[in-house]
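Each of the two complexes below includes subunit A, the first together with subunit B, the second together with subunit C.
Right, the complex of A and B next:
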């Protein structure tokens, strides 16, 4: 399992790096999907198959396909790739690189200082364990997330509705007064 | 890891056996579908190659393999090549958790049902990316339709199965079949079955839900630019998808391998082929709805129905203790 973990981790790191440097937006998105899939494999090796399945269903399957959908509608061609190339000058890398290096130093320090603990769970956390945790100690988090989603739902419903109401008015007034 | 050699060999035989059987079923369906369509629409269908035209798939395969494998110069080459492979790979991977008989399944995952849902949600990329990479407006419209349709129908495809999960108390496909020893889940979960069947037709974008490739409006939809074996992969992927959904309907709602007298695997294949026949009958009889009707049906009828089914099932299980 350790070998699988390191392989998946390497794929995750490399594909995430490629997300940043890819000029073509759709190719970058494909690498992001790959990165999410490798994260799912990491979850499996750490004994969380349920979380891994949800990661693939929700992130790789649902959210990323919406990203692809939007990019497809915008139909960004070679122009946007050229623009990306312009933005990716060497100077752009200085700031993020310094900050990332600081974080890397933190991680290395913590790994060196902390006692060695095996990261592998004694037993796999199945759907039952995840469910008990979600509706036990983390109930408030679940409820807060559902409130946030409800707000998003109401917001998108409102946006979708206002357009539909305006259209027949414009047709009747023959030019739209504006509101 | 810790397995004896005969066990490993047995496992390998199952893996390659499932692969070979599925690929031959997908090829055979080319003939079965066209013959059945002919039968139901009062015409002959292919009957020239071999007895009853049974060698038609072979002739089709020779044709597909011999065709020029062409990538349009304006296409996004790597994505164009990748897209047809995704659908075949995801569907074949999903077959890994299907229990064909008590002792015949490739992997006995505890989250088997979620594994299937995960792979079917990844299958969308094949159509979406194939249409985008073709750089053709018909292909792009087909891909947009396909992704909107598949995202919508995926939502309640998952929800329709949760009733089954609640009754069986497990995501494991084998446990779900074992839980149906007394009563097939199609009886307590009739609405779940209907919703899953409709969602399954939409997921495999078969007629009447084949708007992504509606030839009267979109040439051939997302695969307009594909030819040769790449088109063949989309084709095989569709038949594999039908087989997968039929096998899963049999597993989730009709007791999988359970049945009297005949060996378990035979029962499983009888049930699976019955639902493949239903898929073909749907294609032979139903007209295509308009696209907005399709999406409206999904969100305004199927989703509330799936949620209501979930609430009622949960309530009854809770009341029964």
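Right, the complex of A and C next:
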């Protein structure tokens, strides 16, 4: 189990360091997804499988999809086509692929020794305990989180709507930049 | 249960947090700044999970779920602001937005 943890930790540190030195946003996103996946593997070794599933579904799924949507909506101009050709070399995906293969080996090893893993995580708090704690003593936190999510929803809706409303005015005033 | 010493987990969380902090301080691209904030939130969540595992309590995981909800709300508003800033300044440079109106 220690080996699984240390390998996942190494993958997390390497991919996180590579996120902040990338020049291309999409390459950085690949490494960021890898960093979140390795964090999920670490959570499993720390006896939190429920949170690991949430990490994969919400962080590496939903939030990263938001990033990809925004990068697509930004559509950084026509010069990006030439840069894209320059970036899409065969070696570009080698780094994330190697790190992801390390993580996959980690997970396969954990599945192979799964009786020991479940014994290891016997002390850990499963989804049942988390749910009881979440809707027992932390109920006020759940309510506050729901208010926060509502505020985020209203805020992002307002910002997105003001973009759409301002665009025709900009088109009339500025002679149309052609978005 | 002494498989992984807690100090190592906390050192890992610390390293990840410092990496995110360096990303926020060094990069001037708004998308990279948002990604570094995500890294820092994830590192603090890792510290919560480790602490919850050390004492065998579910509270750390509850805190991580709260961090998750907060990160989702933060990133949705933040990305909407990035879109607005790009429309306004035609670039993602954070230093472009250093002047106030008037």
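Everything below uses one rule, namely that the second predicted complex is superposed on the first by the 106 of 179 C-alpha atoms of A that agree within 3 Å, B and C clash if a C-alpha of one lies under 4 Å from a C-alpha of the other, contacts with A are read in each partner's own complex, and residues count from 1 in each chain.
The rule we apply is simple: contacts are C-beta pairs under 8 Å (C-beta built on N, C-alpha and C of every residue); 3 or more make two chains touch, one makes a residue touch a chain.
Since we're looking at a predicted model, the values are computed, not measured.
Annotation: superposed three-chain arrangement on subunit A; subunit B versus subunit C shows no clash, the two fitting side by side. Once the two complexes are laid over each other on the shared chain, residue contacts for A:33 go to subunit B alone; subunit C is not touched. With both structures placed on the common chain, the touch criterion links A:11 to neither subunit B nor subunit C.
Looking at the shared chain after the overlay, A:160 reaches subunit C, while subunit B stays out of its contact range.
Taking subunit A as the reference, the larger set of touched residues comes from C, when subunit B and subunit C are compared.
By the document's definition of touching, of the two partners only subunit B reaches A:53; subunit C does not.
Of the two partner chains, both subunit B and subunit C are touched by A:66. Fitting both structures onto chain A leaves subunit B and subunit C with a minimum C-alpha separation of 14 Å.
Under the contact criterion defined above, the residues of subunit A that touch both subunit B in one complex and subunit C in the other are 50, 54, 62, 66, 69, 73, 124. By the touch criterion stated above, subunit A contacts subunit C in their complex at residues 1-2, 5-6, 9, 12-13, 16-17, 19-20, 25, 28-29, 32, 35-36, 39, 42-43, 45-48, 50-51, 54-55, 58-59, 62-63, 66-67, 69-71, 73-74, 120, 123-125, 129-130, 132-134, 138, 141, 145, 148-149, 151-153, 155-156, 159-160, 162-163, 166-167, 179.
Of all residues in subunit B, only 76, 78-79, 109-111, 114-115, 117-119, 121-122, 124-125, 128-129, 131-132, 140, 143-144, 147-148, 151, 154, 158, 171 touch subunit A in the complex they form. Subunit C contributes residues 1, 3-4, 8-9, 12, 15-16, 19-20, 22-23, 26-27, 29, 31-32, 34-36, 38-39, 42, 45-46, 49-50, 52-53, 56-62, 64-66, 68-77, 79-84, 86-87, 92 to its touches with subunit A in the complex. Taken in their complex, subunit A has these residues touching subunit B: 24, 26-27, 30, 33, 49-50, 52-54, 56-57, 60-62, 65-66, 68-69, 72-73, 75, 124, 126-127.
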